[in-house]
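Letters are used for the chains, namely A, B, C and D, taken in the order the chains are written, and counting of residues starts over at 1 for each.
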Amino acid sequence: MEPHEEKPIIYTMENKPIVTCAGDQALFTSLYNSLTQQLPREPMEWRRSYGRAPKMIHLEANFVQFKEELLPKEGNRALLTFPFLHIYWTDCCDTEVYKASVKEDIVRWQSLLRLHSTTDWLIVVVESDTKKKNKTNILPRTSIVDKIRNDFCNKQSDRCVILSDPLKDSSRSQESWSSFLTKLRTLLLMSFTKNLGRFEDDMRTLREKRTEPGWSFCDYFMVQEELAFVFEMLQQFEDALVQYDELDALFTQYVLNFGAGDGANWLCSFCQPLRSWNGLLLRRPIDMEKRELIQHGQASLLDLRSYLFSRQCTLLIFLLRPWEVTQRALELLHNCVQELRLLEVSVPPGALDCWVFLSCLEVLQRIEGCCDRAQLEANCSHTVGLWTYATEKLKSLGSLCGLVSENGPNSEDLNRTVDLLAGLGAERPETANSLQSPYKKLKEALSSVEAFEKHYLELSHAAMEMYRAIGRMRSARLVGKSLAEFYMRKGDPQRAEAFLQESLKSYLAEGWALPVAHTRKQIAECQKQLGQTDEYLQTSALLASDTHLTDMERKHFCQEILSFAGQTAEGHAQKVVLSMNAFAQLRQLQFRPATAVVHVGAALELELSLRSLMPVPVRLEQLAVSVHFSLEKGGARGRAGPGGGAGNRGRVGQGQGSPCGTVLFPGESPPGALPRSQPPALELYEIQDRSPSDGALNSAGVVCKNVHLLLRRQDSSASLDTPSSTAVAVEDGAQLLKTHDVSLLPGNNNILFTAPSREPGTYTLRQLCATVGRIQFVLPHIYPIVQYEVYSQEPQLSVEPLADNLLAGLPQRVKFIIVTGHYSIKRGDALQLSNSDAMPILSSSGCVARVLSSDSELVAETTLSMQSSEKVTSVSLPLAPPYHSVEFQLEVQCHIPAGPVRPESERLTNGEPWHRARSRQRTSSGMSVVDQKISIDCPWSIYSTLVALTFYIPFKAKHLLLSSGKRKYIQVCLQNVSDMNFHVSDQQLAERQQSSSLWLQSLNAKAKQLVHSKQSVFCLWEVKWTCEPPASLQCVFSINFCPADAQRSVFTPYYYEFQLDNVSTLYSLSADIQPAPGEQQCRTGTLCGLEVSIVRLAEPSDSEQQDEGPVETGGFCTTKLMYEVVDNSSNWAVCGKSSGIVSMPVAANATHKVRMEVMPLFAGHLPFPSIKVLKYLPHNAPSTIPPDTDGCVENDNISLLDKGLDDQADTSSIRSRGSVHSLGGGSEQQQRGLPMPRLEPFGPGQVFNRSQGCQVLVLPSKDDHVLEVNLT
Amino acid sequence: MSRQSNRTTESKKMNSELFTLTYGALVTQLCKDYENDEEVNKQLDKMGYNIGVRLIEDFLARSSVGRCHDFRETADVIAKVAFKMYLGITPSVTNWSPAGDEFSLILENNPLVDFVELPDNHSNLVYSNILCGVLRGALEMVQMAVDVRFAQDTLRGDNVTEIRMKFVKRIEENLPAGDE
Amino acid sequence: MMTMLGGEPFLLVSKQEQQNYPLYIRSVPSDSELKFHYTVHTSLDVVEEKVSAVGKVIVDQRELYLGLLYPTEDYKVYGYVTNSKVKFVIVVDSSNTSLRDNEIRSMFRKLHNSFTDVMCNPFYNPGDPIQSKVFDSMVSSMMVQTC
Amino acid sequence: MADEALFQFLHNELIQYVYKSSEQGEMENARCITKLENMGFRVGQGLIERFTKDTARFKDELDVMKFICKDFWTSVFKKQIDNLRTNHQGIYVLQDNKFRLLSQLSAGKQYLEHAPKYLAFTCGLVRGGLANLGVKSIVTAEVSVMPACKFQVMIQKV
């Protein structure tokens, strides 16, 4: 009954360190179970050499019966079979027996051990009371043990232990067990440390020898692996793994060195041609076959690698690091491929692919074996690499074995397949009964086209799904692409295209030129096969224009297009429409004239520069721009005329239009360039926050206007150019700009169009369309918007003065301008000007008409022929085509109307409108105007045109009546209000009803005078009479004038009529100022006497009778006067009663004196205060509005002191001085009210003031401040 | 050359990077604003002048440099003090004209042009022209009218950068310097 | 394949609008150039994966060098991303064993430095393809070294 | 420091140029500010590229902002931002109590109105720096008491 004996040592996990047992087998067997169970119970700290971290380990052991064979021979380094400890069991308690047998036995045992120089032994003495019972002559227990100790363990007494009553369940036995076990463990570990240490030393020395000839990696491998095994056995997987990794690294290094040129000869065994390629095998803990091969140096590179990896894999899985397996796997596979290349191992085609394929799947399945779904899905990123790798490999196998071609594999392919399968050998037993085994998969996949497809698709989709799942879109698409290639090979472009388009999108999005070009080529291929003509042509266009293709390729695709275009359309198939932007780009567009505004029928040229992207010249049957026409304000141009174009420059391409009428089009980003969507640029501006109270600046800063725009998320995907996809439609029915037979050279071409301009309106360029045979390349929208305008214009006549204003009374030139518009002036067309006497047209001979083109170039010049009848003057026009203008000048003269032409600026009723009047005067030139209208009949219209001309009268006349006592003078002031200078001569003043009793005596110089612009001449006449002068004088002033610069002086008369009333003087006033009594001189601040005396000069005239009814009082009739003393210059303070009523007898020399007191306020020669006398009319008397003769105002000016017009205006001011009565306006309002006495001013010159302008000397007073006081 | 100098992330250098880049931004802006390079050069010179006339005070204040007796002394001050102070470089003063009224500043490395690569369409751009303006403006403030121009420029493929400086005249009364 | 020893297509990918368009691609001219482009483009998946991993990971893993992105049978693809989200990718022929992690690292540093200078060239418009001669020559010299 | 003086001279000249080259008017003024800001933007891009050359990858937005406030600001203005506040909704306020480009402007209300000119460039710097780090933003500024200055950064979520 030795359970372990037969068991062959298999290197598996069940391995335990070996402990041999000698001595009493029965005894040992009885204890075996408890021993094996209890040993691992408690962990033990293992302190290790080489400063490796101590570890707690649970020791197990494999107890086997002692045999001499078990003891390792000299040089045998096998560790697994190495007995780490030898135990001798005895329960002998009887000295006799001991002496008799046991001792010898131990001696023999010991000597054997010594022979093999093992010092790791232990003697266990088991004692049980049961045994003693039936024994007599008992010795004390200890004696045996002591004996043994003496005999064997000299000075290492611990090598002999007692285990008491092991089978009893007593505390005592417990203790002895535990102490025993502890001892056992300690010894075991000691042995490990010692032996492993020794082993490692040997191993190291061996490694050191690796440069020596004859050193073999395989041998070394075996050695180090032994170590690994032990660690594994001790469950120290990390350490185990390290061993393999070291081996891995070492080998790799050798291969690299070999690649670098120095090859160790042992490597040759790995360089042998590849014979079997049945992938990795990860289902056994140890692949013995491969290990054998390595052991005997027959392993191929793949064998070694596979074995190494399978071990690493096993350990990693023990360490629960499956994902590291997958990652290492991928590296391994790549690495192997490299190493085979480096070692120049001859590999039959496809063999490697098989190996990789199988290995990938093997790894994946191994992993699946030890993880659940969830884990797997969570770790796609680790596995997906293997999936894709497998897919690629399967694909290449497929194509190698002719499984991808449309018409299956040929015999050659089949042979190849057979060879490949042969290389797989027989399926391994482990996988024999799993249906999904890599082996089966591969065999099946290679068995038939269909099977292959099934597997390939399965893998591809799996890979794609995973990539998608972990968001590696690009990778997914790449798989998609190779799938597409597969479909292409299978002749299924339909499926292929879908994948290709998807990847194309992403390449475009990210601007990867080469992939784009390549993928497009593939797409083109699909489309060709699918017979998607339009798409194919579109793609071809893109490719033909793609600079990343070779010239050959580009030409090829271009040719494709051209040859299609060349085909004669069978069955009138309508044209194929393609997007233009792949074919050519519209770069710029230029109008001539630049304004892009022309009149109907005018020539408008349009040059567009088109950049052809084709590699070869292309002949276009036709290049057309479709134009949208709208009436939108075509007519409106009519008024604007040619000039109006300027305003429209903006229309040329919405702002892009430079003044030179050029529209630039943003160049398409060339293929490969990056479609970047620019976010809106941010707009900043300054802000200043001022406090509302005082405008003080609180804060200043920089803020952003268009935050809302910027903060909006803008996704760039929108901006990608996918021109092929956009279906372009030709809009027809629109007008066209065409050119035929254009040949587009590669690069820029300029093409000239003549734009249609028959209809007035707005023309918008819509599409650009190039026709090549059956193909039309269309630019669907021309953007920025490009428009031009055609306008139609009514003929029109305008007449404008040459000078800025026409002067009446002189011949003046006026300019006639006819804009013909759409009308063309025919022979015999004439303007009929209706004459008027006031303004004759002076038919000056040899005046010329100039015909100008729309851009005002002189076209023709002809002398005008004019006929004048008394009614009309007809001016025959020169011939002129439409949209030209005809200009000529005529001379007209406007007669100055006799009789007063009153400049409206000076019309006045009674005083008050004066303010307005005066302000007007300031603004207007003050020239009086004459409006003249000519009605003209134009040949193009049945209605006659009225042209108004305004003439200005160069002169203005004023008159004055001057009095000196009874003598009267008339002064006329002639003012030259024009800008010209004039000569004037023989001025005359005539009285209408030539009464012999009255004549006017000129006091003027005879000679003609020069009157400069804005100057005046004054003329004076004395009025003389024999008997009473008439109540009113009708005067006509006349003077001849002619321009000073006129070469031949033709004098024209100027008339001025006016009327004077009540010229004769009725009263004369005189005033006298006396110093205060006792004073020689007047002094400021002291009262002086003022005496006013009013003297009646004339007998009452009949004119007087009727207006103020004199009142009979006391026999002779009197009339009431009101006097008033005012001092506006405030030189005087008028004290006491400054105004009053006096009644004057109506008789010559009747006198009335008034006294009052005035106080001079200033020193010096003071003018007298002004004294006014007014008619005081009883209420019953009829009111007479003072005769409204012009100039009477000026007249007053003179007669009322030197106070300006102001005083007249200042009726209010008088009233304000507390006077009860009022003037002018005042009187009117009183009439409206109840009848009251009224005041009326005397007619001009009726009152003569003697002391006019008299002055009196005033001396300063002694004390001025006094004055201050009483003044205030 | 610029390569090593920029490794240090020490704050002084940083500033000069800020300066260099800002200057770069200015030049490119000018290139956008003006169509031809000559205009840009002119503008740069102007701006330099404006800086110069202000800079001089700062300079005199911080470097306790007194009045220079002759042009040679001026040259030395410019090279050894001014350039050192403001650009951290010390150009060498060479190529004196026999009359001693004209010399060259040779800059082995010109911080303004670190990282700069002139595009082909700016062959006539004198990238660092602002320096001329600065020198002109500054010296004008000390009553020296000088004529400054770039004789060589590493940017344009020359081995060194050379600023040629010619003494024109001594300005008698200090005419107020307005911005150009 | 030996002809491609040390043939690295370099490329920088700008982050503009998350669009990984190439700023600069350079490779030893060879018939497999196209394959390079595909490989590099695909590698962006991994770059993005690693970049987006930042923030989740601990600080010491936030260095700019992303290490080996993924190996293929023929190439090793390494990645690097600047703080300005510019991605550098170096693809090395997997048979090229002379280049270890450290060499690659320093190559990236060189690239980065040189790129920084490009960024500081006032005439360079960020986001445009790189035409700098300096950069070009630097890359060339690097490619020569690695052969 | 010397270099800095030079920079400030240049910066002033920059402003002078931009404002001179455009005639006045609300529109114009806005264009000037924007122009300055754009120059700053480009410079910021370049600078940040250098400054972050040797730093580890940033963890998140806040990490970036801190960098701007500490390292960036120190390198450019030789002091840190004095106070950084955020609403965690993508708005950050950077306060510099003695903003270098203002400190040369003598304080006082009458100069306050010129302040914006002196901020625009820096707004650009910050925006450019952030943008180059993949943080799209809008940067504005405000001064109420010179030379203290607030920059507000609004992050655009992309």
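Just so it is clear, contacts are C-beta pairs under 8 Å (C-beta built on N, C-alpha and C of every residue); 3 or more make two chains touch, one makes a residue touch a chain.
Since the model is a prediction, treat every value here as computed from it, not as a measurement.
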Quiz item: Between subunit C and subunit D, what is the separation of their C-alpha centroids in Å?
Solution: 32
Practice problem: Could you put a whole-Å number on the gap between the CA centroids of subunit A and subunit D? | Solution: 22
Quiz item: CA centre of subunit A versus CA centre of subunit B: separation in Å?
Solution: 37
Quiz prompt | Interface hub residues of subunit A, defined as touching at least two other chains | solution = none
Self-check item: Junction residues of subunit D - those touching two or more other chains
Solution: 42, 46, 50, 158
Quiz item: Mind pulling the subunit C residues that touch 2 or more other chains?
Solution: 17-18, 113, 120, 122
Exercise. Determine the shape of the graph in which chains are vertices and touching pairs are edges (line, ring, star, complete, other).
Key: other
Quiz item: Touching pairs of chains, which are they?
Solution: A-C, A-D, B-C, B-D, C-D
Self-check item: subunit D partner contacts - residues on subunit C that touch it in the complex
Solution: 15, 17-18, 51, 54-55, 59, 62-64, 81-85, 112-113, 115-116, 119-120, 122, 126
Quiz item: Which residues of subunit B touch subunit D in their complex?
Solution: 6, 9, 11-12, 14-19, 21-26, 28-29, 33, 43, 47, 50-51, 54-55, 58, 62, 85-88, 115, 179
Quiz prompt | Residues on subunit C engaged by subunit B in the complex (per definition of touch) | solution = 113, 117-118, 120-124, 132-134
Quiz item: Which residues of subunit A touch subunit D in the complex?
Solution: 679, 681-688, 696-705, 707, 710-711, 713
Quiz prompt | subunit D residues within the subunit C interface of the complex | solution = 42, 45-46, 48-50, 52-53, 55-60, 132-134, 158
